[in-house]
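To start, the structure under review is shown below, and the notes come after it.
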Amino acid sequence: MESITGLILAKYNYWMYISLMMVGLYAMIAKNNLVKKIIGMNILQTAIILFYISIGAKKGATIPIIMHSEGHGHEAVHAVQYINPLPHVLMLTAIVVSVATLGVALALAIRLYARFGTLEEDEINDQVREAP
Amino acid sequence: MNQYPAFLIIAPLLAACLIASAAWLRRSLCFPIAVLGLGTSFLSSLGVAARVLTDGHFQYRMGGWAPPLGIALEVDYLNAPVLVAVSGAALVSLIATRQIIEREQGPKAPVFYTLMLLAVTGMLGMTATGDAFNLYVLLEISSITGYALTASGDRLAPLASLRYLLLGTIGASFYLLGVGLLYMMTGTLNMADLSHLLPALYGSDAIFAAFLLILCGIWLKAALFPLHAWLPGAYSHASHASACLLAPLMTKVMIYVMLRVMFTVFTPAYVFEQISLEGFVVTLASVAVVAGSLMALAQRNLRRMAVYIVVAEVGYMVGGAWLGNQTAWTGAILHLLNDVLMTLCLFLAIAALAGRMETTDFKNLKGLFSTMPFSMGALVLGAMSIIGVPPACGFFSKWFLLKGAIEAGRFDFLAALLFSSLINVVLFFRLFECALYSGDDHHGPGEHGHIEIHEAPLSLVASLWAAAAGILAVGFYSGSIVNNFIKPALM
Amino acid sequence: MIWQVDLAILALVVICAIAAVTVRDLLGAGILFGAYSFMLCLLWAAMGAVDVAFTEASVGAGVSTVFFIAAVFRTTRRTKD
Amino acid sequence: MLVHATLDFPGWGDPNAPAHLHVAPEYLEQAYEKTATPNVVTAVLADYRSYDTMFETAVVFSAGLACFFLLRVQSRKKEEEEEEDRYFRHLATDMVIRIRTPSMHVPDSPYLQQLDPYWTPRSLIVRAACRVLTPFIQLFALYVVAHGHHSPGGGFQGGVILGASLILVALSHDLRTSMKMTPEKLMGVLSPAGVLIYAGVGALCVAAGHNFLDYGALAEWLGTAPEAARSLGILFVEVGVAVCVMATMIIIYANLSSAGGHKQGL
Amino acid sequence: MHEIVSIRPLLAVIASLAVTPILLSARSPNVREGWTFAAGAVKLGIVLSMLPAVLGGNVFCFALTEVIPGIRLAFRVDAMGMLFALVASTLWIVTSAYSIGYMRGLDEHSQTRYFCFFAIALSATIGAAFAANLVTLYMFYEILSFATYPLVTHHQDEEAKISGRKYLFFIVGGSVVLVLPAMIICHMKAGTLDFAPQGFLAGHVTQGLATALLLLFVFGLAKAALMPMHSWLPAAMVAPTPVSALLHAVAVVKVGAFSVARVLTGVFGVDLLAQYGLGTLLAVLASITILVASFIALSQDGLKRRLAFSTIGQLSYILLGVALLTPKGITGGLVHIAMHAFGKITLFFCAGAIFVAAGIKNISEMKGLGRRMPITMGAFFIGSLSVIGLPPGGGFISKWFLALGALESHELAFLCVLLFSSFLNAAYFLPIAYNAFFANPPDDAKDAGIQEAPPWCVAPLAFTAMASVWLFFNPWPFLDLARLAAAQVTGG
């Protein structure tokens, strides 16, 4: 019991990202409304961002901006003092990608609404079936 | 210093930006800039391939940083021919579809060119890069532009495109998650570096999960049955111009990525010895081939038929890659190159036909051999290649695939391939039967009846024949391609 | 960093996510999505990823939400689920 | 499967996890020396992995383009044929006129202001506050761009904030007002121009005989040490990113909120 | 035996292919047909120019690109290929002339298409004759299948469509599903696919595998129409008669038979077949086909259908000859390619001429026709003699050698099959000629006088009939070529 609690506590970020991913996937697959699906998609993407940031986290370290002063800027930098910057870099890119995808998805949703007058997938499907 | 790899990828990007700016100033400049960009890219890819032939594998360090710190383009025997095929096919399809774009898009044509170029940039970048995360970014570029391109089409195109977007994003997210797992376990994103670090971790569940996630993501994007749900809608409702660009390239580049992941990131030693998925995947591929063929058979429209042929072809390549012997890998890689040409030829021909009639339903195709002999001639060559008739290139890759299947003892895959070839014969000859006969049933207009030839625009027909000639040329020289590129790549 | 706060934010994140996908009003869903993004931003700031937090604040909580609202305004708030 | 795999993960926040031991320390320990940029995230983003970032910018660009492509309705004729009510307010008297048929002459005088059909009187306070705030936000955004080397931030964040400030104008006034401030044409040119700046800096490096995006190559021309040149190179590309992102955000917003018509927004 | 590297085989193959663009763009029928003749003459000239050297035991070689590592597209002109190429290119010219008469006589549609695919089909035939390895052979075999499809379905009616489907199903299906895997297995086992005079499989396969491969090949090469893969052939008789004549008496079916002969000798090798007793197996299959086809032919009333079943039987003579595995038998089989071609093409020409002139398709309506069309029916008689194997028809020579071969291999059963089937042949051919000359015509056609088909039709059939007779007296060069080929493959 102790070990399981420990396991849960030690990796709770990872459990969270999995549950967020599941929420996102559920919304994308089970929801009928297109905007809901898009929200689900974004939640899925942010879950992965959460995962990456969790990789980068380091106990007892500080943000990855090197302390320096003009006079003596060349003392050795110890990596252990700073949080891993690479996942942050990657996730900046991923956030940008997600907002770009969001923009395109919403644009498509608006187009569909203009054409079908609804955002519910089943209603659109019905219309398609009636007038192919 | 050899800057070809940089030009290869940057040229279409720069051209895309220039077009987007020029669109507001002088519209007539857009098309020449686009051709220039892709032309430069194509020439650079030839340069890259030539260098690979003489020097073998080489690296281009972006920003001058050595990997794994920086990002490097890695060009080797495997991706050099893919680069040539992708940039060449993109150039051909751009030139071919100009009229279609100008007619359908009107004032938005420059935007369309820009999107096309960006999509090609993404695909070329994916092919050339040596960094797993960079691949994701480029994948997203080609996907986002791909969504926009597929959305321009008939009434249902936006719906198909939104579905494509949702599924595509799931695929890309899976890939990203897989790469994240790999990074967590190894601390690097560089493919070559990963392959050095991974053997120590082969027993790990996390690595296995990463492999599965990456594979699932790629398969979603490559439309391997049963993950193909987005493809038929997206490619059959999209504008012909976008279908001509995306259908030949997108799935093929994803198959290339799969090969890269299997061979470079995870070595065959891991894929085939540590985990034993090949039995399952080859079965899946066989099912994909059969299902794709059968669904193609059920269609009454040329375009939808072609779309399902693409699904079946993905099964060919995935199966070949997973059969797990040299011959089958050779077949898969060769088929990748051939399929770019075959699909290009097929979709260009469809675009040419569709330009002259309302739909590509079979019943509308009557008498086409008389009215559009050149387009149909090229379509026949493409069909021969897809069926697998020598000297068209499709035969030779099928040869290796079949041989690989026999070597691996996978007779189900062998049977699936043969079955699909047979179905392809039926598919295309059903089509030719329609197209051969003019509307009236018996003894047509006789020797003296005059039939007006009503061909597609010259640029389209010329490009179509360029693709058809490519099919023959690759067929005749497939031995050299195998000897000079594919064999060293598999060493 | 204080793990209780961390955990509380995480819980809020999940709650916001579930709420955003279940609420029967698209405008509300958009706003809840904004809240979700903001919580994530706090979380990342807490994890030391300041750059990411900054970006998430401006993109996720700011621009994305505006995009959602704009889109919902242009279409409909109605949803069946 | 994911849950199972998680058991195999290194513990959360473990400094000895492999992710922290391979490449990351090199970034941390060398970034400042080699690029004179204390914010390691910025250094990695815009220098070590600048190739990634260039394509990230291209992603933004293509998203803007895609929205424009999907939504923008350009044929003006069609718009006018639609039977649609248009409202105008006479500024002096606050009287509202409704014009229905498209054939009718559309008044174009300084005394009349076009209104949205869903127009509701807007709060003066909000309007004024926004007007006052906007320049400060923009100033802050510029600071974020320029100071990305030292503090969190950089081209992307700055660009988003710049874009957001203009979106704020559109929200508090109406879309027409903001479109006057940021004409579509300008944004349409700026968005690719941002990518061009980025790729252009890279191409300059090639012209100087180094690899693409190797800012060290610019040292000779700038007359500085390679480290400082790298730092400056980062600044240049950050500006490119900011320009592109700002323009794109506005394009996407304008198209989303007006469903492509650019006539009336939120 | 010298190997002479020369581009001539390639030129011979592409001679007719090269004129297709001209044919397509030709404005007037005369120009189009002029070019057809020109190409035919050039092709025949090239083939003839290689004849002396081949008769001298030399071999012409030409290799194109490497298509699969270790396998090139290559041509190799040896005695066997030369024999077949000579037959095909000679008869092409004759058939072209006949086609002109037939097509113009009936004012058929789409003649340009017809001549184009005709030319392509001939290129493929010559290519198959000169193929140096299995892949090249397969390539031309497939091209021939596709090029003949539009010819078979030329009439474009429902019947033609159904026949076309059947044709493709058997021929392409057989080659894709059966031959292709067989080829791949051969390549895996032996590492090569180049035809060797005495086969290359020896020592690489077990008896079971060899048997399986043999069956895959002989049934897969469905153009040879070995039962039960024969049913496309009668169906394909819906084609215009010149097509049936050239393609289904000469090019297509002979490519099938030739390919089987080539595979038996060049891939398996006579010794291997003898060692595993596969020759007997094939001979039994061929004998069954011969007898069954002959019986079916007896019951057919449609002239072309009767000819079709006759063809099925005659093709199996060729296979039987090769399957006997003795020099005489192989000689007989190969010579039969030539002899049967001349005889059968005469018969088809006659059938076409009868249709053009009198509009008759069925045998029962042909009573007394000989009085109206004496030349045609005379030629028909000679052709029948040749196919039956009676002197003075050229077919006698081949039957003679086949019989000798059967004796040589001490298989009297096959000799009996030969003799009995010849009797059946006589039974289904001679009554036609007898009725045409000696039976009373139906009343309405009694005093019609002489009504021959157009000269373009009659001249070719007269020519081939005379050639059949001439071949009896002077079977050079076919017999020499066949003997040489038989000597090469049996190592004698």
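All chains are identified by letter, namely A, B, C, D and E, in their written order; residue positions are counted from 1 within each chain.
The rule we apply is simple: a contact is a pair of C-beta atoms (placed from the backbone, for glycine too) under 8 Å apart; a residue touches a chain by one contact, two chains touch by 3 or more.
Just so we're clear, the structure is a prediction, and the values are computed from it rather than from any experiment.
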- Touching both chain A and chain C: give me those chains, sorted by label. D
- Highest contact-pair count belongs to which two chains? B-D
- Message: Let me check something: if the centre of a chain is the mean of its CA atoms, which chain is farthest from chain C?
- Response: E
- Query: Measuring centre to centre, with centres taken as mean CA positions, what chain is farthest from chain D?
  - Reply: E
- Whose C-alpha centre lies nearest the centre of all protein C-alpha atoms? B
- Between chain B and chain E, what's the gap in Å when you average each chain's C-alpha atoms? 43
- Note on the structure: Expressed in whole Å, how far the mean CA point of chain C lies from that of chain D is 20
- Task: Find the geometric centre of each of chain C and chain E from their Cα atoms only, then give the gap between the two centres in Å, rounded to an integer.
- Result: 78
- Task: Could you list which residues of chain B touch at least two other chains?
- Result: 133, 137, 140, 144, 147-148, 151, 158, 183-184, 189
- Query: Got the chain E residues that touch at least 2 other chains?
  - Reply: none
- Query: Which parts of chain A, given as residue numbers and ranges, touch two or more other chains?
  - Reply: 12-13, 21, 54-58, 61, 63-65, 86-88, 90, 92-93, 96-97, 99-101, 103-104, 106, 108-111
- Would you mind giving me the full set of chain pairs in touch? A-B, A-C, A-D, B-D, B-E, C-D
- Task: Sort out for me which residues of chain B touch chain A in the complex.
- Result: 133, 137, 140, 144, 147-148, 151, 155-156, 158-159, 161-162, 165-166, 169-170, 173, 176-177, 180, 183-184, 189
- Item | Complex contact set, residues of chain A against chain B | 21, 25, 28, 34, 37-38, 41, 44-45, 48, 51-52, 55, 86-87, 90, 93-94, 97, 100-101, 104-105, 108-109, 111-112, 115, 124, 128
- Task: Report the residues of chain A in contact with chain D in the complex, numbered from low to high.
- Result: 7, 10-15, 18, 21, 54-61, 63-68, 73-74, 76-80, 82, 84-90, 92-93, 96-97, 99-101, 103-104, 106-108, 110-111, 114
- Task: Spell out the part of chain D that touches chain B in their complex, as residue ranges.
- Result: 1-2, 4-10, 17-24, 26-27, 47-52, 54-56, 58-59, 61-63, 65-66, 68-70, 72, 74-75, 185, 188-189, 191-193, 195-196, 199, 202-203, 206, 209-217
- Query: Which residues of chain B touch chain D in the complex?
  - Reply: 1, 3, 6, 10, 13-14, 16-21, 23-24, 60-65, 68-71, 106-108, 111-112, 114-115, 118, 121-122, 125, 131, 133-134, 137-138, 140-141, 144-145, 147-148, 151-152, 158, 181, 183-189, 193, 197, 204-206, 208-210, 212
